[in-house]
Amino acid sequence: MADQKSALVISAHAADFVWRCGGAIALHQEKGYDVTIVCLSYGERGESAKLWKQDGASLEGVKAARRKEAEAAAKALDAHDIRFLDAGDYPLELDRDQKFALVDIIRAVQPDFMLSHSQYDPYNTDHSYATSVAMECRMIAQAWGHNPGEKVLGAPQLYLFEPHQTEQMGWKPDVFLDITSVWDKKRAAIECMQGQVHLWNYYTNLAENRANHFRRNSGGQSGGRNAEYAEGFQSIYPRTVDVL
Amino acid sequence: MADQKSALVISAHAADFVWRCGGAIALHQEKGYDVTIVCLSYGERGESAKLWKQDGASLEGVKAARRKEAEAAAKALDAHDIRFLDAGDYPLELDRDQKFALVDIIRAVQPDFMLSHSQYDPYNTDHSYATSVAMECRMIAQAWGHNPGEKVLGAPQLYLFEPHQTEQMGWKPDVFLDITSVWDKKRAAIECMQGQVHLWNYYTNLAENRANHFRRNSGGQSGGRNAEYAEGFQSIYPRTVDVL
Amino acid sequence: MADQKSALVISAHAADFVWRCGGAIALHQEKGYDVTIVCLSYGERGESAKLWKQDGASLEGVKAARRKEAEAAAKALDAHDIRFLDAGDYPLELDRDQKFALVDIIRAVQPDFMLSHSQYDPYNTDHSYATSVAMECRMIAQAWGHNPGEKVLGAPQLYLFEPHQTEQMGWKPDVFLDITSVWDKKRAAIECMQGQVHLWNYYTNLAENRANHFRRNSGGQSGGRNAEYAEGFQSIYPRTVDVL
Amino acid sequence: MADQKSALVISAHAADFVWRCGGAIALHQEKGYDVTIVCLSYGERGESAKLWKQDGASLEGVKAARRKEAEAAAKALDAHDIRFLDAGDYPLELDRDQKFALVDIIRAVQPDFMLSHSQYDPYNTDHSYATSVAMECRMIAQAWGHNPGEKVLGAPQLYLFEPHQTEQMGWKPDVFLDITSVWDKKRAAIECMQGQVHLWNYYTNLAENRANHFRRNSGGQSGGRNAEYAEGFQSIYPRTVDVL
Amino acid sequence: MADQKSALVISAHAADFVWRCGGAIALHQEKGYDVTIVCLSYGERGESAKLWKQDGASLEGVKAARRKEAEAAAKALDAHDIRFLDAGDYPLELDRDQKFALVDIIRAVQPDFMLSHSQYDPYNTDHSYATSVAMECRMIAQAWGHNPGEKVLGAPQLYLFEPHQTEQMGWKPDVFLDITSVWDKKRAAIECMQGQVHLWNYYTNLAENRANHFRRNSGGQSGGRNAEYAEGFQSIYPRTVDVL
Amino acid sequence: MADQKSALVISAHAADFVWRCGGAIALHQEKGYDVTIVCLSYGERGESAKLWKQDGASLEGVKAARRKEAEAAAKALDAHDIRFLDAGDYPLELDRDQKFALVDIIRAVQPDFMLSHSQYDPYNTDHSYATSVAMECRMIAQAWGHNPGEKVLGAPQLYLFEPHQTEQMGWKPDVFLDITSVWDKKRAAIECMQGQVHLWNYYTNLAENRANHFRRNSGGQSGGRNAEYAEGFQSIYPRTVDVL
């Protein structure tokens, strides 16, 4: 059990994890990782335009619909553990208790790596807020004096998944992951997002183009591996290795 | 033979490779890599103060002494292939033919990764020049139209080894390498540098402190690995991976 | 009425809008825009030294004096809509209700563009706070689930007006506006600031020098337009155009 | 005739202008601009892998083939003025006379704006070199003492077109151009590049995704314009305007 | 008394001031400055692993132990004024009253310069939070309307002392201070930190290596001063001088 | 004689030193420094528009006129040592011999500090080139193997003086120098520049505004020194100090 690998995704809104790291989730599940997805909010106010345009829309109704979509998407990715903190969106704000609830999850999961948003997003301050919370809670989870007796956290990598307009967010990928083998699952998860059909093609294009970057960086015209779909990530912390 | 791993170090002056990546060289030799070291110059004019203070010092004499030291250091690191382009220092400048000679070496080595200096160095423009040459020659080595028929280069990583004042050079390590097992070899190579005794302790301190960073980033107080000596490197290109 | 152009200025303290974008306000009013100015605070504690040095100074008295000055300045700029959120200064802090009040204004104005402070200011954290609030409230104003039924906001540009020490604030102008035709109005507004006479000359010098930059960038010695006074702004978001 | 608008593209290799600003070229031709394309090299050594893999490939043969492709692509974009400086590639290097030849072209064209590569490219130093030459020659073209009597250059904008891996090149677009109306021409130009079929889909995906960014920045869900294909550019110099 | 020089250290946790600026404290005390040290928290939860591993550890017990250590360290540095705001750690958060208490101290001390943490720290958000509070309270202390009648603050420099992994924190020193004459005091203060013995050697190595940087920047091989121990600092504000 | 203080200005074109550091030159002369000014070119091609518009203008005539102006300006600043390398401008390029001539001057002067341009200038590549040459020659002057037997250079600071559009050049001042006492000399030197009358007022405005920044950073409203004219500089290297 000590060898069970795990990962933790911290998603500001219910759908973010699908577009931005659905491939990583499915791939690591396939490799035997337990991937836990935490949605800090449902994106109910700010990312549910289509639902709000329907007659009789209500906050609770929108939340329920978004939750259902997110659960279906997680299932499509073979992820069995998805949680909703319901902290509200636009703006997203966690109080101390909500942060400690997130710390509890981090400690329970003991992730080998974490995934969250870019550190800057002038279009969506919820995204950068989620990442600052991820860093803060990672730190708290490492404190021996926080709930003494619990197993403290080690030093997992925090990967920032791809934001919508990378250059405006100052996001720079330093690792590309080949998700060809699980692309069908990611596409199925994407298609669970009925309210954002206009993004299906966008993220398919993106995955194809990131595969081009994967090929270039794995050998270029002189033999790069033939990835067809890929995702990019930016690391916050240095790696520690035994070979370069 | 296709599986023989290799690496290429591009060092502006004859001693740079010792302080900055001696551990990486010895470690990868130990792991079966063939590491080739290219010294673009001997550092004969600018990094040989002690020799110039001796009576009767001459350019050729200084070069010879520096070469001897560098060869001894390479040997201490178990590196059997060290080359000297003798392109001159302070300033270092390669003409087209010298660049093409470097391209020839790159193609012959077909390195799995390359090592060179930081991209900026306001104290020593030879260092940043060496890196710009490394990038340019990496590009030329990838060109199908350069010496058609030769095996072109793939897409090896270019790691920047640690400069003397990291913050002034804008250098940020994203990978720490545990060199504990080969520390004795690196120290022996360092001690070949008789003209720079004042730096022996400096780089020993540094290796110890980088090991602290290694431990922090591999798990911190909750179980980081007990490295005693480490080196840091900055990657230029993204990695391509199958698992995060 | 759908074609009525409008703009929104978000000013941390009562006088900021005068020095930093008084020309832009007067010019756009002249061009038929409705410009709304929101002063988040009066700058009553931190930017009213002269008033506090007077006998019998009180918080309410200082606020009233600052409001009067700001209203006079707005009038000098032909701006008819100036509002005061009275959120306090040094430090400036808006709670959720005050942010939502700002969102109400944004939605009511439906600005073609917004103006606020630089994103960083080590001398005055109120300034950068105002900009972070501007971004956050812009995002909330775009949310279909915030006060459903209201007209949501589009995607107006956010221009950062010139801070007092541009280089220390990391502010870089990408657009210069010719304010020659309204300079007299800006100077009149500046002269409403009786408590800060020492800045009158400063901002006149600045407007003259920015006009030099305007001329250089509009054609230089080969025919740049003869602007005499200008203001600079930094854009947060990319533009969308039909011609370069 | 004084009113004839014009633009100048400076392309390191023969095909760069197609992928990176083919839409801008076709669109401005359509709007009555005279667009001049300067290919500093044919990309004969470094960007013609497919041609070099053919039996009997020679440098002159590859150049001729590349020139033919580039001319066909220019024609597909309705650009009637394409020039080849044949300065060599991998590495690209212009001597003083070649730079002055480029200055002659700049002065003859008197462009309203110029287009070139990103300022940094760790994969391809020819690209960043081309931009540094563009800046240097723009400066020379402004000098009254260079070929006295000739009409000197004003202060045209220099737009950097999109590089292949934007984040690695530190490229950040600040303007998106709607190229929907000329997409068919750009696609036709792309299809002239028979040696790089693997990039056709890549750049089609990209144009679709950049249109998403165009829509977001022109109004988002609240009415952004329905662009289907777009290109992004980064400006080097500030704009000078009469309205924000 | 008006000529009494003073300095203020703002330390997130009880031990930070020892490692990071113990030399500066002892040196300035020796030069006749009154140095006040403010510990915003004891670091009781997050930086006291060794204490928490002991049987019967309690929050109050850990705080008391940490306070005792910090007081002993201050004494070793000849600093007579150390204060504890007890604002809690992991996460550190000051409410408005606590910030105003810090402002009271700043005004009472009227420091010639202030010292605090780096502006960014992805490992420890308490550190960067402390610096943002330092800047905010410096600003409040300058406000004539804050506790009118009190002496307002001038414009003291804010120096950022060295964080644990400088490159990851984006910290760049622009001044090196020779602490050779007080090294014994700093080492004695370091040895008060019984819970962090693993850091003693680390910070001794660091002080030795920073002395190398001191020597290089004070004259290099051509006569740099023979400092044996040094500390580095990054300035936030420009200096004002009468000679370069 | 060993105590004679000295400084070295490296100016790309003949007039640059006047606008950008005329105050520093005059002030340090007044303080007993020997200030040497090196003009790498006359700015004959690119910065002499007015002269070229005159009938019968010739390269030699323009150079002579520019030299005369520069010499007069130096005299107005009480600088007795001005040299002209005549390396040509637009573009400025120094070959190895010209660089070594500059090294000779650096060694002869043994400056306590050096002054040159910003490191980046998209309008004028001669400026950034001059700074890269200054750095390279500073390095060569430190080499014991360059002209062995000569006194090698120590580690003088390199200050970057203020460029024309600071924000576009990425220039950030970290030191402001009070030049009030020598302002009349700087203004007199400025008035020697008969060809650039349009800049007289610009640089007077600038000096006044930089004095405002001086006052702010030396104490602000609570007692900053009453400088009336100032210049700003950016340091390349860290300082080494005995007191913060």
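Chains: A, B, C, D, E and F, in written order; residue numbering restarts at 1 for each.
The rule we apply is simple: a residue touches a chain if its C-beta (ideal position, glycine included) is under 8 Å from a C-beta of that chain, and two chains touch if they have at least 3 such contacts.
Quantities reported herein were computed from a predicted structural model and do not represent experimental measurements.
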{"item": "Touching both chain A and chain F (chains)", "value": "B, C, D, E"}
{"item": "Chain of greatest Cα-centre distance to chain D", "value": "E"}
{"item": "Pair exhibiting more inter-chain C-beta contacts, A-B or A-E", "value": "A-B"}
{"item": "Shared interface numbering between chain F and chain D [over half = same, under half = different]", "value": "different"}
{"item": "Reference chain B; chain at largest CA-centroid distance", "value": "C"}
{"item": "Whole-Å separation of chain centres (CA-atom averages), chain B against chain C", "value": "52"}
{"item": "Chain A and chain D, separation of their C-alpha mean positions in angstrom", "value": "36"}
{"item": "Overlap residues in chain C, where contacts from two or more other chains coincide", "value": "49, 123, 142, 144, 168, 173, 213, 216, 221, 237-238"}
{"item": "All touching chain pairs, where touch follows the definition stated at the start", "value": "A-B, A-C, A-D, A-E, B-D, B-E, B-F, C-D, C-E, C-F, D-F, E-F"}
{"item": "Chain D-touching residues of chain B, taken from the complex the two chains share", "value": "99, 132, 135-136, 139-140, 142-146, 148, 158, 236-238"}
{"item": "Of chain C, residues touching chain E in the complex", "value": "44-46, 48-49, 52-53, 57, 59, 62, 89-91, 122-126, 168"}
{"item": "List of chain C residues in touch with chain D within their complex", "value": "7, 24, 27-28, 31, 113, 142, 144, 151-155, 157, 159, 173-178, 213-214, 216-225, 227, 232-233, 235, 237-244"}
{"item": "Partner chain F, residues of chain C touching it in the complex", "value": "49, 123, 164-168, 171-173, 198, 201-202, 205-206, 208-209, 212-213, 216, 221"}
